[in-house]
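So that you can tell them apart, the chains are marked A, B, C, D and E in the order they are listed, and the count of residues begins at 1 in each.
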Amino acid sequence: MTEANAGVIDHAASHTPPRKRRIRWGAIGDHAVLIVGSLFMMLPLLMVLQMTTVPDVEVIKTGPSLTIGHQLPENFDKAMFQASGFSGQNTGLNMLKNSFILGIGFALGKILIGMMAAYAIVYFRMRFATLAFWVIFTTLLLPLEVRILPSYEVVQKLGMLNTYQGLIIPLIASATATFFFRQFFRSVPEELVEAARIDGAGPVKFFIDILVPLSRTMIAAMFIIMFVYGWNQYLWPTMITTEEDMFTLVRGIKQITQVLEGNRIPEYGRANLLAIIAIIPPVMVVIFFQSWFVKGLTESDK
Amino acid sequence: EVEITWWHAMGGALGDTVNQIAEDFNASQDDYKITPVFKGTYEETLTAGIAAFRAGEQPNILQVFDAGAATVIGAKGATVPVQDLLQDNGVEFNIEDYISGVRYFYADSDGKMIGMPFNSSSPIMYYNVDALEKAGVTPPKTWEEFQTVTAPALKEAGYIGLSQSHLPWIFTENFHSRHDLPFATNDNGYEGAEGTKILVNNDAMKAHFTAVKDWKDKGFFEWYGTGWSDNQTPFEEGKVAIWLGSSGSFGGLSKKDLPFEFSATFLPYWESVTKEPKQTFIGGAALFAMAGKSDEENKATAAFFEFLTKPETQYMWHRETGYVPITTAAYEMAKADGHYDRAPAAEVGIKQLSLPAGKHTKGYRMGFYVQIRDVMNREYGRILTGETSVEDAFNNIETEANALLERFAKTQN
Amino acid sequence: MAQVSLKNIRKVYPNGAEALTPSSFDIGDGEFVVLVGPSGCGKSTLLRMVAGLEEITEGELTINGRVMNDVDPADRDIAMVFQNYALYPHMSVRKNIAYGLKNRKTPKDVIERKVAEAAAMLNLNEYLDRKPSQLSGGQRQRVAMGRAIVRDPALFLFDEPLSNLDAKLRNQMRIEIKALQRRLGVTSIYVTHDQVEAMTMADRIIVMNAGRIEQIGTPAEIYHRPASTFVASFMGAPPMNLISARLDGGRVMINGDTVLAAAEGSGAVTLGIRPEDVVLGAEGSISFHVDIIEELGAHRLLHGRLADQEFTIHVGKDVEAAPGETRIALKSDAITLFHPETGKAL
Amino acid sequence: MAQVSLKNIRKVYPNGAEALTPSSFDIGDGEFVVLVGPSGCGKSTLLRMVAGLEEITEGELTINGRVMNDVDPADRDIAMVFQNYALYPHMSVRKNIAYGLKNRKTPKDVIERKVAEAAAMLNLNEYLDRKPSQLSGGQRQRVAMGRAIVRDPALFLFDEPLSNLDAKLRNQMRIEIKALQRRLGVTSIYVTHDQVEAMTMADRIIVMNAGRIEQIGTPAEIYHRPASTFVASFMGAPPMNLISARLDGGRVMINGDTVLAAAEGSGAVTLGIRPEDVVLGAEGSISFHVDIIEELGAHRLLHGRLADQEFTIHVGKDVEAAPGETRIALKSDAITLFHPETGKAL
Amino acid sequence: MKRAGFTARWLPILLLMPQLVIIAVFFYWPAAHAVQSSFFLQDPFGFGSTFVGLDNYKDLAGNGEYLSIAWFTVIFTVLVTFLSLSIALLLAVKADNVLRGAKTYRTLLMWVYAVAPPVAGFIGLIMFHQSWGPLTELARSIGWDFKLGVNFNDTATAMVIVSVWKQVPVNFIFFLSGLQSIPKSVREAALIDNRSASGRFWDVTFPLLAPTGFFLLITNITYSLFDTFGVIDTMVKGEPGNNPMTLVYKVYVDGFRGNDLGGSSAQSVVLMVLVLALTVFQFRLVERRIHYT
């Protein structure tokens, strides 16, 4: 470890007329670690990006290289506008749309339902509070994967195969958002609800006027986490959508990478580009909301 | 217009051809419309079909591969036997129209055809003509020849002699048929799931894998992983001189513009095991008409099957992909068209399937066979990486496979 | 305006803790009552029961003669100022102040007028569009006040509204709140544990201790005639000196020196005297040892020992004093005697 | 023990804000220096530079003659008490106190002994195994003190250590800290914005304002001879009254009334007088209107207006007073005159 | 529960309804179904089934392969959790130190958060490609003949690296927020008390990150157990063979690929019980955890 305040001192040093300029090895070390870390994270993505610019034939021979080719527009066209299936409906564009519907629908649904439940648990005196608590929070860490077959049958029985509801709602059936909101609500000062009650606000008014606006950063953080989670779903959409116009990007990519196993020149360019396209919207969400995100997380821990 | 769907596992160039067939069918008449959907690997397609069937959302046609035959045929009521389907809808059906190798693999124990053979393949030996020339050898007919003549020469010439793409299919199932060895009790499982035991733990198999491991150690053979293309790629790259793959890969290989000339011939056999090598099992998959559909739709399915078995369709499919033509008529058409004069290797698959049949070459029928293949793959991987001995591996395969067969038998009540 | 009356009000929390033993008192119209007492003595509990935020276990609460036990807080016509203000952090000052009115469906123009009046009164005009986070502590405090006064409630409740402020601001706000309450004439209950606030603001003070009411009285009564040693030591900074003495034959003696000539009874007794009621001078009858002198500008505190017990004297800044032995006298009319065990005034 | 010397120390923050203009002063061995000034005037900045937590932009800091500008905080032999205690929340009280010693490789038994001593001195014995979160504010404060004193440092630094406490505890801690420093004789720098603390604890007070040092002096000097109206109004509660006056022919006049007879110069002038230096009585030469009377037990404050300017008078509790017109006199030897524009004492 | 909670009777029930209904329908119902199936052997198509009691569980307990997959899962989980937490912590500490460029680093380090596990696996296949994968070449350059899909350990290594790569950003973000919420003055106090930077880190910063760390520990364990599914599925290219796999992947392999519903249901139930224990553990600790303020 280097000095915890190296950055502070380093920063101030730039304004000091050099008395004895001390080389801040600590700060240099910090930057070195961060640069290596950033490379570790970013290089693979950059390589994938590079591979979308060169012809597939070249990729299968050499893999990623330093050449930047001219294949990008063509690959983009293929990825976005050409369907890989017979129906002609699973174009990148259409999959992008489905991914957005899944990501946003899931995030919003989860936030809404989670907030309501957490509100009931934290702010009401209830007879079956403990029971409700455990019924809900037992589901906290259990992902869909371990009960996916019976879930599929339930969705089918409800006639929700190949529908957005069928895609989204079963994924909502866990308590992560509820858990986060519960933690957050518990940290909201007690006096606010009291002040609001004296100000004549009932439970609904308090929720809408006070609690929801107060949870803004938390909602933003949740939105990011849930959007990314929903967007990145793979197994469930693969099961539940059998019609090509319902495919999401991640599921579509899997289908294209599977083709790599097939009998012709693997479509690396298209697959890689779709992979990049699949990354961009969630990254945008993360970067756009990042300050709120970090704030939401920090504050929720108070 | 009646719409029907068809779930298949044909990716890449194969998928394009499937789509072509569908388009042709849709264009050929106005009463029916078929939509093919690519569902992933053979295993995934089968699972998707089963799950959908349980949900009542099954497609009209499901492509099921050889290893899934027991599952789908065992579930009476899941499918409409194609023979019935065709006959009920007034399509003429004569099993003798089909080439001998494909007739009974997807039939029940009475010989009624349940699944419609569609993409029938056979494991064949592809070779790099340039490499063999360079090494001054001809394609080996027997494994003895391979290990004493071909491989050392190829190694000398800077090649790895051999790779293959599906250990259970090529080095196990077809090993049994080629050498006419019993693969399972109960007539290779055809007589019913109850009491069927796998017979893979035999001396010929063990000797074979002992040899393969030995080849690998000597640099005559290489194994690049369980994935199909893992082992195909080095052949395409010219590193490996001989590759055992599916006749269905022929189309893809031809389209790839490889930097060397390639050809194909029969799968080698051990002279020490048999002097009279037999035909191989058909590989690939068949199309099943799923039950629970309206008569109208079944009619459409029958019409499609009829279209599919037309010599023209079969020949086109055969030409584009390398899968064998399933009817004699189509085979004749290909011959007449001079297809084999242009590409002699394209005929290898069908010729191999037309070799003399033996007592045990009709096919095999084992439940939970996908898992049994997984067990084989796992144990073979361990043999080849030196993690286990051939003896232990086969003991394991036998035990686990038999346990699975027993479990499967219990599901069939 | 309201009269508030508590009859044998008792509070037991669900966990069984008795936060308030049955207590009764009445508050007159427009009166400013201050609840004081150490931390945990039940002040907030009592206040919150009046507000309706806490269930009343036993007893009867009436406001203007109407029994309120089961009435919703929103319907009690009260306004409350919280210790940490409890401003709505996401609303502007204007919205914070208006929120209670809005919920009562007050017409828009009335709300606007009232908010403007309150803002003018509290000097908040320039801040109306800021968020609470952009205000200093004193300004937040004033917003909290504003929120309460726009409502024209019958009753103001304050729960330690100044305890988060620094000393200077606290002094200033104290004066402002009191002036405001005078002006509006609203009955008020004010909780604090700061005796200066209690002394300066209250019409009457209620001193609480461990869930009981120790004394109710005007600030002067509480200060000069504490009902118990608890009250004596709790009120005043520095607090009243409490010294063990003996009552013997009508005289109160400390260490053999007579400090008071006319008193009844006999035996051990606790003598209480405020630091400012001690006279320093050679003619004093008692000897006192000065340890530390605290210079407070306007006056000084001499901390030391009298008959081996801690003792503090308050002297003017002109009085000469130095550490060491000296003599003092106690103003006899300022002496209070307490029972040595129960601590009750005799 | 240490002598601390600052020579033209200046601080510019990276964002360009000059938090401290070049300032110099020396602190003697064992001296207790208090830094006071309003929020944001640079007190913490100065202290943190001495501690080594903030880089010194210009100038030289020496401790016992050794230049310290680039020495690591841990090597300066200082101990610091932070405003918010900065206790290690995950360590027990014992570990908190011992942590600094442990890192200096003090033998185990010595650590134990020192912790025990400090705990005894600070009345923390029963709490040694608690976590800070289980302590009340005053107890936490004492732990922070304990952490500092066990170290036997050459220099104590205190950054508003009492500002989070309530008034009562603050009074008590004030006395304890001062007594402790006396006992240990450690040189100390103490930051506060509370003038009572400054007055009672300091050997010398440094009054700062907006990054500058306004005055350095003993509490009495600062209180009685403020160098500027800023100091005059900042120190003392209530602060010195500041009234516009005229200086004319050797007389200082307010509204035509002569308040001081002997002064040089002429023209507008600001007159400063402390509330306790005003005498109330019919014989007074100036008329004064009392608005509010604050009853503080030991004394009273009369707030009102003199020549239409705010004015406060401090009177004993026995002095009769009522709102309304009255007359006052200013003690002439207690009057300070300031330049009406620069605010500097004349 | 808040001290002054509302007392309305129907509203809370109404508020809870959507969550409860969804959970009941899409969680408890399927979960109960899984439990039930685990006592049967069922024909894949649903035509026949035999009640076999606890046989499915007994088969698991006696199955050496299953146990070694369980063992691998443990090792995999420990490695992924440990590595992704420690790398993220290191980066967060460094990012918290530097002032210049902090935001750039933060942004760069966040990107991969948005990568879906199967896509991460796909990128892993590229990086570890047998003939030209950059990481394969790197390994070869140090004399390690890396063989993805052939050598069990190499494949496991690649899976761990990809899973860690995918998970570091989330941990990084949480750790950074955790660090930023440690009071500055506490760190400064340590600066005066301890001259060793590493000493300060381990004595003060690290323990204060414990609540964040604990939360992340649980999240990472569940990530390693379940969310790496996509990574593994992609990296084994649909062929389990002799490749490493985790328990949840085994559920998939047996239930999906192999259509052994009874057996895979029993495995699901085992996993559910495991995770349930983890949930209870989390609540007991989180609820009891010291609030450091």
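As a working rule, contacts are C-beta pairs under 8 Å (C-beta built on N, C-alpha and C of every residue); 3 or more make two chains touch, one makes a residue touch a chain.
Only a predicted model underlies this, so the values are computations on that prediction, with no experimental measurement involved.
Traced through touching neighbours, the fewest hops from chain B to chain E number 1.
Of all chains, the one whose Cα centroid sits at the greatest distance from that of chain D is B. Taking A-E and D-E together, the pair of chains sharing more C-beta contacts is A-E. For this pair, chain A with chain C, the centres built from the Cα atoms lie 54 Å apart.
The centroid of the Cα atoms in chain A and the matching centroid in chain D are 53 Å apart. Per-chain CA centroids place chain A at a distance of 41 Å from chain B. Within chain E, contacts with two or more other chains are made by residues 3-4, 131, 188, 190-191, 237-238, 256, 293. Touching two or more other chains at once are residues 48, 53 of chain C.
Across the assembly, chain A contributes 5, 8, 11, 61, 149, 153, 194, 197, 202, 254, 258, 261 as residues in contact with two or more other chains.
On the side of chain E, the complex with chain A involves touching residues 1-8, 11-13, 15-16, 18-20, 22-23, 25-27, 29-31, 33-34, 37, 87, 90-91, 93-95, 97-102, 105-119, 122-123, 125-127, 129, 131-134, 165, 168-169, 173-174, 176-178, 180-181, 187-188, 190-191, 197-198, 200-201, 205, 211-212, 218, 222, 226-227, 229-230, 233-234, 237-238, 248, 251-252, 255-256, 261, 264-265, 268, 271-272, 275-276, 278-279, 282-283, 293. Of all the residues in chain D, the ones that touch chain C in their complex are 136, 163, 166-168, 171, 175, 178-179, 193-194, 196, 199-200, 219-220, 223, 235-238, 274-276, 292, 294-299, 303, 314, 316-317.
Those residues of chain A lying in contact with chain E across their complex are 1-8, 10-11, 26-27, 30-31, 33-34, 37-38, 40-42, 44-45, 47-48, 51, 61-64, 112-114, 116-117, 119-126, 129, 132, 135-143, 145-147, 149-151, 153-155, 158, 169-170, 172-175, 178, 190, 193-194, 197, 202-204, 206, 228, 231-235, 250, 253-254, 257-258, 261, 271-272, 275, 278-283, 285-287, 290, 293-295, 297-298, 301-302. Contact residues of chain A toward chain B in the complex are 60-61, 84-87, 149, 152-153, 156-157, 161, 238-239, 242-244, 254-255, 258-266.
Chain B makes touch with chain A in their complex at residues 7, 11-15, 18-19, 22, 35-41, 48, 51-52, 54-57, 227-229, 233, 237, 248-249, 251-253, 255-256, 321.
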